[in-house]
């Protein structure tokens, strides 16, 4: 069964290349290919998740053992995000049928394949390849919406992403030059001797900034508002919800396994704080729903970076909880924003037109600002208790900024809620009031239901997250899993 | 598993919420909810032993989430506040039933949402009051904040704006508490009360200072303590009538509850007293006391300037909160008792006052103090309730407000705090001025032509008002009744308990026996009446039969003094307060706006790659150096 | 104390107050007359006035609250007298104390305010607004003074405060121990009488005698009774706080009349202040004196 793990990447990849051909042969058949592949991927991963003994395992691709060969590493954290990639791919599947649908669906499969790869890969170069694939798929998808604004946003994203790639590659080169390996487990073994120096730090920082482009790291996140505001909501939801988290996951893994320098954490912390400040403040004046959500997303990612900067992986649980929470909430909110485009003032009276959507908006907003007992509260609680336990003033500053930013966040989110619940202006005809409905509302409802379910099951979910975090935090376990023959390890 | 009484209460409250949610659109939904509040109150009364110093009732509900234990329980403190909560909920909801409901719905109000919001508020307040550790306290706190937001926002328009302002303040307060919670957790490793109690003893002064500021500020937001008071008056005033009676009576007292639990019980007044402000003679406790008296004075004088009856009352609500905090901070037996008793007293008269004003609005359609007048002849019972209420609010005998204020004055006198004493009295004097304006402009003076046919408020509204008026008088006559509960609360939070009697307090340095005072007062009124009525019968004349400097008055002449009522006073003190708090608030918002603009500009720039490169270079340079 | 004896005291104390109060009214009118080089009214003039007003044929009322206001104005003072110890009689002074007395003394003002309000005459309302403003003005120095005295005595019980002053004769009088407070108290007391130059709320030339504008017959009679009580209460309170109360009736009455004679002699020499000037005056000098006095006490 473990071998099937590779299929979750290989099948969507294959599907992506075959789909345009198949679509030409039979549209009726081609339409179902993509969802079927993703459903199968979900099933494989779900099965692994449920039947597995919750012990991490490593799959060597092509039969070459690491560090020479390329391996996939699957612990519960990786499985969780791989599953999320497949599931969200399914949920945000571009069902719309037109002459572009073949291209769009192929790109979507590619994006899912690359995302799954990002979650599972245990090799730095492999990660880079998947990272590039994600970027390519994203360019295509953003540009596919066809408006001139979308093209402009894509170009901007393209340039930024390209330079980011170069920086990433530069970092990888530095590491390879120093250690002669790119396997993460192997690097973890070598890091204490070879990479805990200035060179290692430089390598880490170039990786951080390069990958940070996707992870919405300040200040290389300037593409975010434009792209999210112009791309389709479904794609924005996928990008903001998942891809940013995967990029974050890579940085987290690197930080845990390879780079233990306190300076590394410090840079992340400072950039995280700046991200929170800039994102939340920019969202305060946003005049449009999607742009507001984009800025808010930058702020939330900043919070994740703050959590990540906690020394020795103490923030693991907080990162995990916040990331999953943000994944659900932002996806849901972007789905709602689908029907609520344009200026915020236009939304007056939408609550009466679509009460369910308005209710969901309030629910998501409440969870986002951390109202107990919604899950967002628990995620934030884990973060602030860890932050307050630190003695360094910079962490306490992070705590302060985080709390203040939450106030700003609540203010702008509920300003929108108040607009939605206002009665519609007299001169407007009922059909002019934006309505959220159809598929996107159903999707948002799905996330809302998930949120409520988590609220009710918060105790077991919390326990599970704690075990996942503990497992991901364990560097020795990672090394021993990939190299079972390592002396001292028993497998 | 057997249900404890607390479980029953919470379940009852939850059931009320469900009833309001699912059958709240039905015909008699209001009455049903009201009866259920009555049921909750009865369940609470079954726990009455708590109010007389009888231990703790725990809830069988408890969770462990992410290693945190959450538990809920009731003690004397919770019971006392819950009694006020449920009492005001019952009467406010009763007030809302029937006539008010109908006219509210006719004006396009959503009565279902109103009852739902009320039930939600009550449930969340009970949860807050039952909190057994700091985490459940915070959860309850946030629930109360958001439930209050719902009730404040549901009227739409101006009310929603006020509610938005409220929720921003409340969020800021909530986050301060959240931060404080994290700090406590970092030194105690647990949020259980006993663990915190131990950790406090070994805390550094800096940390304790920080915690006092965070918790005091956070809880102070809900109490409307200066300088965080601006949200309260508009938010409470614009809530639909019975809602503002309920909120005005109890909502902001949740802040005092939390202050009692955290600052007084956990941190201890002694510890707070030891926090000196460097280079001055005052410490953290004095600071709190001064905040309390400024909270008394400024809002009271702002209230005096209001031209809307609801706003006037809401501003007083803020000011009266200052007395409660002042008494608690002085923290001797009498001060503590005065502060706590004032919570009860304030709830009774504030609810009565808001109801009376709502009754006037119900009949006349306005609360504008310049558009009313002379209604005493049309609505005599409402006048009586308002009169009893304002005597209570102003703190004059024979109503209950006098007793609690007397206790606060006495404690300040005993402790030798002349300036605080003076400030407290100035607050009372200002209140007297302000409430006279209220009753004069609504009920006294000239009756307007359009109000000639106004009728007394309907009985569904009158009954709860009269009950409240009776409570105000009876607890003024026998302050010993609530003082018994107050004494138990004092024991629970670790303050010295007062030596009370049925009629007041016993003390070597001057006692108070309200039974005698009121008895003599009414005997005096009796004698006055005998003297007055022994003279010949008087003839009732029309209000237009009046001295007008030689002119004849007719119905179309407005012969009423209402606007700028204390012109002479305002001429002098009006310039002293020019909305500096408003200015402060505005400048914070402008600052955020400006920063926001800067940040948006940052993201709007097209040369993103420039950022990337410069960051990369900067970081590299940092590494190399 | 036997209930019957207490009842007797409670009856006698207001009665004494009323009689003495009438004499005080007479004294003030006589002093005014002397200053204005008139003869002044005869001994029983205050009584004649009260009887005359109550027995007028045409009694005009603006409504129930108008009547009740007057009843409250008289009743409040009648009750207040029982909290004010006189030689040999303490009444219920030990059950209320000085703060209660101070607040009971506001009841008549409230009653008057209500009664005037019902008259629907703006002149009256303006008068009340001014009267309440004046109260805000003079009560601030007054409470400082009362705080100082009560803190120095360690009690709010007037009986104890008097006993402490009488313990050491003249040297332990409040006025000797706390001269600054005594001066501040005298100014505040003068203002609280509502006589010139502080009669901003009567101001016949501006607002047609303010609160009294619609009062006639028994209403005005009631106010006359109230004035008798008011003069008595204020001067006896001052005597109890600063001049050692009265050990004998002679002593007591002498002090009370003398205290009242001071403002009475000053009153008619000055024109009227404006409202804000009154506030400014009251919040400046007596408050300053009072605070310095309190600082000495603490």
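Here the chain labels run A, B and C in written order, and each chain numbers its own residues starting at 1.
The rule is simple: contacts are C-beta pairs under 8 Å (C-beta built on N, C-alpha and C of every residue); 3 or more make two chains touch, one makes a residue touch a chain.
If you're wondering where the values come from, they're calculated on a predicted model, not measured in any experiment.
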(message) As a test of whether you follow the contact definition, which chain pair has the most C-beta contact pairs?
(response) B-C
(request) Taking the mean of all protein CA atoms as the centre, name the chain whose own CA mean is closest to it. (result) B
(request) With chain centres taken as the means of their Cα atoms, state the distance from chain A to chain C in Å. (result) 79
(message) Quick check: how many Å separate the C-alpha centres of chain B and chain C?
(response) 36
(request) Can you check how far apart chain A and chain B are, centre to centre, with Cα atoms defining each centre and the answer in Å? (result) 45
(request) Quick one: which bits of chain C touch chain B in the complex? Just the residue numbers, please. (result) 10, 14, 53-65, 67, 70-80, 82-83, 92, 94-100, 103-104, 106-107, 110, 113-114, 117-123, 125-126, 128-130, 132-133, 135-136, 139-140, 143-144, 147-148, 150-151, 154-157, 160, 200, 208, 213-214, 217-218, 221-222, 225, 274-276, 279-280, 291, 294, 298
(request) Quick one: which bits of chain B touch chain A in the complex? Just the residue numbers, please. (result) 63-68, 135, 138-139, 142-143, 146, 149, 153, 156, 160-161, 163-164, 167-168, 171-172, 175-176, 178-179, 181-183, 185-186, 592-593, 595-600, 602-603, 605-606, 608-609, 611-613, 615-616, 619-620, 622-624
(message) If we count contacts the way the header does, which residues on chain B are in touch with chain C in the complex?
(response) 373-374, 376-377, 380, 383, 387, 391, 395-397, 402, 406, 409-410, 413, 416, 418, 421-422, 425-426, 429-430, 432-433, 436-437, 439-440, 443-447, 503, 508-513, 516-517, 520-529, 531-532, 534-541, 543, 546-549, 559-561, 565-569, 571-573
(request) Mind listing the chain A positions that touch chain B in their complex? (result) 156, 159-160, 163-164, 167, 198, 201-202, 205-206, 209, 213, 219-225, 263, 267, 277-279, 281-282, 284-286, 295, 317, 366, 369-373, 377-378, 380-382, 384-385, 387-389, 399-400, 403-404, 406-408, 410-411, 414-415, 418, 421-423, 458-459, 462-463, 465-466
